[in-house]
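Next come two complexes, and both contain subunit A; in the first it sits with subunit B, in the second with subunit C.
Let's look at the complex of A and B:
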């Protein structure tokens, strides 16, 4: 029986957690800054509270916060992707399916166009506008579908996808009216990138992320029932309408926060849940936490690659390349697709 | 829990409507007892599945009441109702990678909504349910690798693991071959007799209903045409007019029930046909 045993559950998730902690541990040592210092120096400066040391300023003000942000974004995208794919019974569903990313992007594009300079609690105007745009789109999608007497996932999908298309058209419209400089900033933003922010700012989204993660992971058993059939879940005591609304709201909120902080980083929310399902199966009890942890580690690794790969390439051809790093969103798919396809191929053998 | 004089399920003047047909189901009253196997029959759009969903508590009657063991269904919390009533809808996911054993274990959900892992008691109940449905042999196989008949028996096993007093099924044999049609109805009959469950099954097969059910509810266009033992309800004359077909009846030597064979459709007085609701 593929029954979920404590050994399998804690074994696999323990391994993932170990990897995640390892990523945090070595994060002060990895980045583009050309100053050379060892990982050991960085941690020593941390424990000696030597906040003026270069190793501390680079390792714990620039690098670790960036990795922490990548981990949180990856956890959220992986988890929400798994939830959406279960909820919509569609392997192509992503956290962005309901238009969160398009709404966020439209918000950011508007902010760049009008040159929004305000910031609130250290959060940039572009991020605020993106968050507002994402929330607005979810709100509208919900408003449309709740108007119907019965709430069906097909209607929700259609409303979300259509809203996404509308936002994309609006973005093109604004881009068309923008200067080259503005358009460049918009396109760059939409590639999605994890950025260096202060330690405090890097965990400022946790009050939003943590409850969302908790609610989604606790919904696992109900989602398992829902996967068999909507009516069978109801007949077994699952409050299906509430399950749908709660999951979609919390997942969309957390995703909106990711989009606001990092832009619409693609691929993680689509393929990480499927990668996790190939390894642990479709039982949501283990699939959801596995997707979350794999997503976090995957995005952090991709972020390191995005910082280092141009340096390696430059060294290889012996001349420095234009920019020092790639947007993270460029790397996720380039790295992830081969991994995923090879796993899929091995499975089908 | 229930004595022989209290019906397990009682419908008292139940009506139901859809937005486009507000008075679809005409007042329906039924008393269903433990140990009985009810077949709900009738043409497409007669209201068979509607009645089943009302009995399951998935839909709320417009007026009237459904009583489960003498308590109004609306007053029983969902998770408590789930320990009493198991429901098997017509559309079930059959393409899941979940193993058959896990599907059956998930029938224990009403009893273990919080615990992360299944405990030994749940596993024992699930294994028993699989034994009585002859599905234990493929408990390790993903549901998608099973044939339609095997998968249907797995879903029935899951419903048994729910340990209900009432078992409601919507066309459980709809896409199955002759062998599985018979074996599933035999199983339902056995559950009613041996486990003293109330079984209510919606079916299009009047012969299976006549042979395996103790009682039959014949519906047409939201109306109760007749309810009672098959022999009294399912006379060829009534069925011919309800289904709009010409029937021939045949009787094999060892059968107690006549077999009804549809010959040809009668001309429709009114061409408007309803979808199955």
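Let's look at the complex of A and C:
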């Protein structure tokens, strides 16, 4: 492994962290009603402690929590994507490869179908069911693959993809049996959304995210050895099986929390790690934090675009389209694909 | 990092994780104080049917924001738009300072928004046909328009009974009603099962839904079961085509004719409806039943 110069390490990660903080600071100013309530109004109401003012409610009860949730989800998806791609030695791996998203979606769909109204300790029934579904699928995948003597990543991948397909089929079955309004709620849920109302709601998953982020970033060195080869990693004192289990466990836990809170937001976990690798290289020590930070900023920016773009389009053709928003997952694809393809093209030149 | 320390870190993190999960589950959202039930003056509604009911009760002036699907009555075009079911514009709803927000079914983020900002929320319960009357009388109570609501319900029921009386002596035509199918072929035909709005509208209008015995609400039916059921009338709703050309209409009818020898095809009773107003559960449902009755019983005078 080549030496990582501290200048590059701290330079790049410092830049990303700066962007992240900037995003948080300007988040109270950006939303569908920006032309009525701007950044200045929001911060002024904050410093005047005028918590009843509309500018405060919009800036700090709607906008900032939403951006904070987008950042956390993006960090988690970017980081877990990088870990999975390294672990499975497969650039197509995503945090959802082991069926977390499908399991979570199936849980949510079941909850919507049976009209689960309970909200256990403030967390909504749908989110709880999604979290449970995601964990159940990961548990089953583990159970099946651990039954075999030797535990290989190929078996894990196969089991995960199969469980994912099974869950999708079950979702279709339940949708078929559902009423119009239930189906509608299901489709809406599966589009993903980072809406969160109030600071408390937006950081309620942080206790799950933080330990996972820490564990995964601390595994970077071992993952580097693992990336060279399993035998080499073993000879250098890495406990490969445990590394795999710990990484998959924490990554899945965090991803399950993202799915429960935001629905299956696609694309970030696939493309952000590759984007990061194209910029900083494959050394996990910098790749993992870089994927995390880029993922967070990327998802937050996409979420802003999703809220603003229809307003801009309306201004362009001089006809209000009705201030509406695109699903965040649509924007992540529209924005991410051109960036990614152009980077790929430049590298192949 | 050696093995032992890695082990220890992993173990301690698991403990921390369990601990925080526990704490997280214990933190309860603060209950919002129930807002005092005063007469609402600034209403935002995401539900088109509720907008129609409020307008029918003579209180359209109190609507300050409506969803993009609220198109009737036409005066709603002057109101602020607050997105739709999928993408309610939370910021705009807050900016309009509503004292009542109306939704139908569940829109979790709007419900949470109202809870966090102590805005009164009315959830329209309409699912089955008769729920329309419940929604009207509940909205009437909220708007302190109980008498108008009662009168509206009475008038609606009278008119519905009148239509039913007019067609009661007539033979009941067997109806295939479809809202969705693959546009270029007769595949994936979706129809309406038992107790859906359309099912009830058809039966009140003196017809019989050929798939009214299906327990699935919106079953996809095979072509052979359509053919076997021998519908007397086929009604197809194509709201995505605003101005349907005669060629297009002819093409669609031709597709059904090609399916086989059904009474509907033989007797030229294939109808294409290009608006979606038929199934909005609002006071206009009376008009929908009348419209259906005119299609099913062209020989009967229905006003």
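Methods note: the second predicted complex is superposed on the first by the 338 of 349 C-alpha atoms of A that agree within 3 Å, B and C clash if a C-alpha of one lies under 4 Å from a C-alpha of the other, contacts with A are read in each partner's own complex, and residues count from 1 in each chain.
Note that in this section a residue touches a chain if its C-beta (ideal position, glycine included) is under 8 Å from a C-beta of that chain, and two chains touch if they have at least 3 such contacts.
Being a predicted model, the structure only gives us computed values, none of them experimental.
When the shared chain is aligned, subunit C comes close enough to touch A:201, but subunit B does not.
In the superposition on chain A, A:303 makes contact with neither subunit B nor subunit C. Touch criterion not met for A:41: it reaches neither subunit B nor subunit C.
In the superposition on chain A, contact is made by A:221 with both subunit B and subunit C. Once chain A of one complex is fitted onto chain A of the other, the partner contacts of A:211 are limited to subunit C, with no touch recorded for subunit B. Of the two partner chains, both subunit B and subunit C are touched by A:239. One of subunit B and subunit C touches more residues of subunit A, and that partner is C. Contacts of subunit A with subunit B, set against its contacts with subunit C after fitting on chain A, overlap at residues 221, 237, 239. Contact residues on subunit B toward subunit A in their complex (touch as defined above): 19, 53, 56-58, 78-82, 85-89, 91-93, 96-99, 101-103, 105-107, 109-110, 113, 116-118, 123, 139-140, 155, 162. Of all residues in subunit C, only 1-3, 6-7, 9-10, 13, 16-17, 20-21, 23-29, 68, 81, 83-87, 89-92, 94-95, 97, 104-106, 108-109, 112-113, 116-117, 127, 216-218, 220 touch subunit A in the complex they form.
Of all the residues in subunit A, the ones that touch subunit C in their complex are 31-33, 36-37, 54, 57-58, 61-63, 120-124, 126, 176-181, 184-185, 188, 191, 193, 195, 197-198, 200-201, 204-205, 207-208, 211, 214-215, 218, 221-222, 237, 239, 242, 246, 250, 253, 320, 322-327. By the touch rule above, subunit A contacts subunit B in their complex via residues 1-6, 9, 89, 149, 221, 224-225, 227-229, 231-232, 234-239, 277, 281-283, 285.
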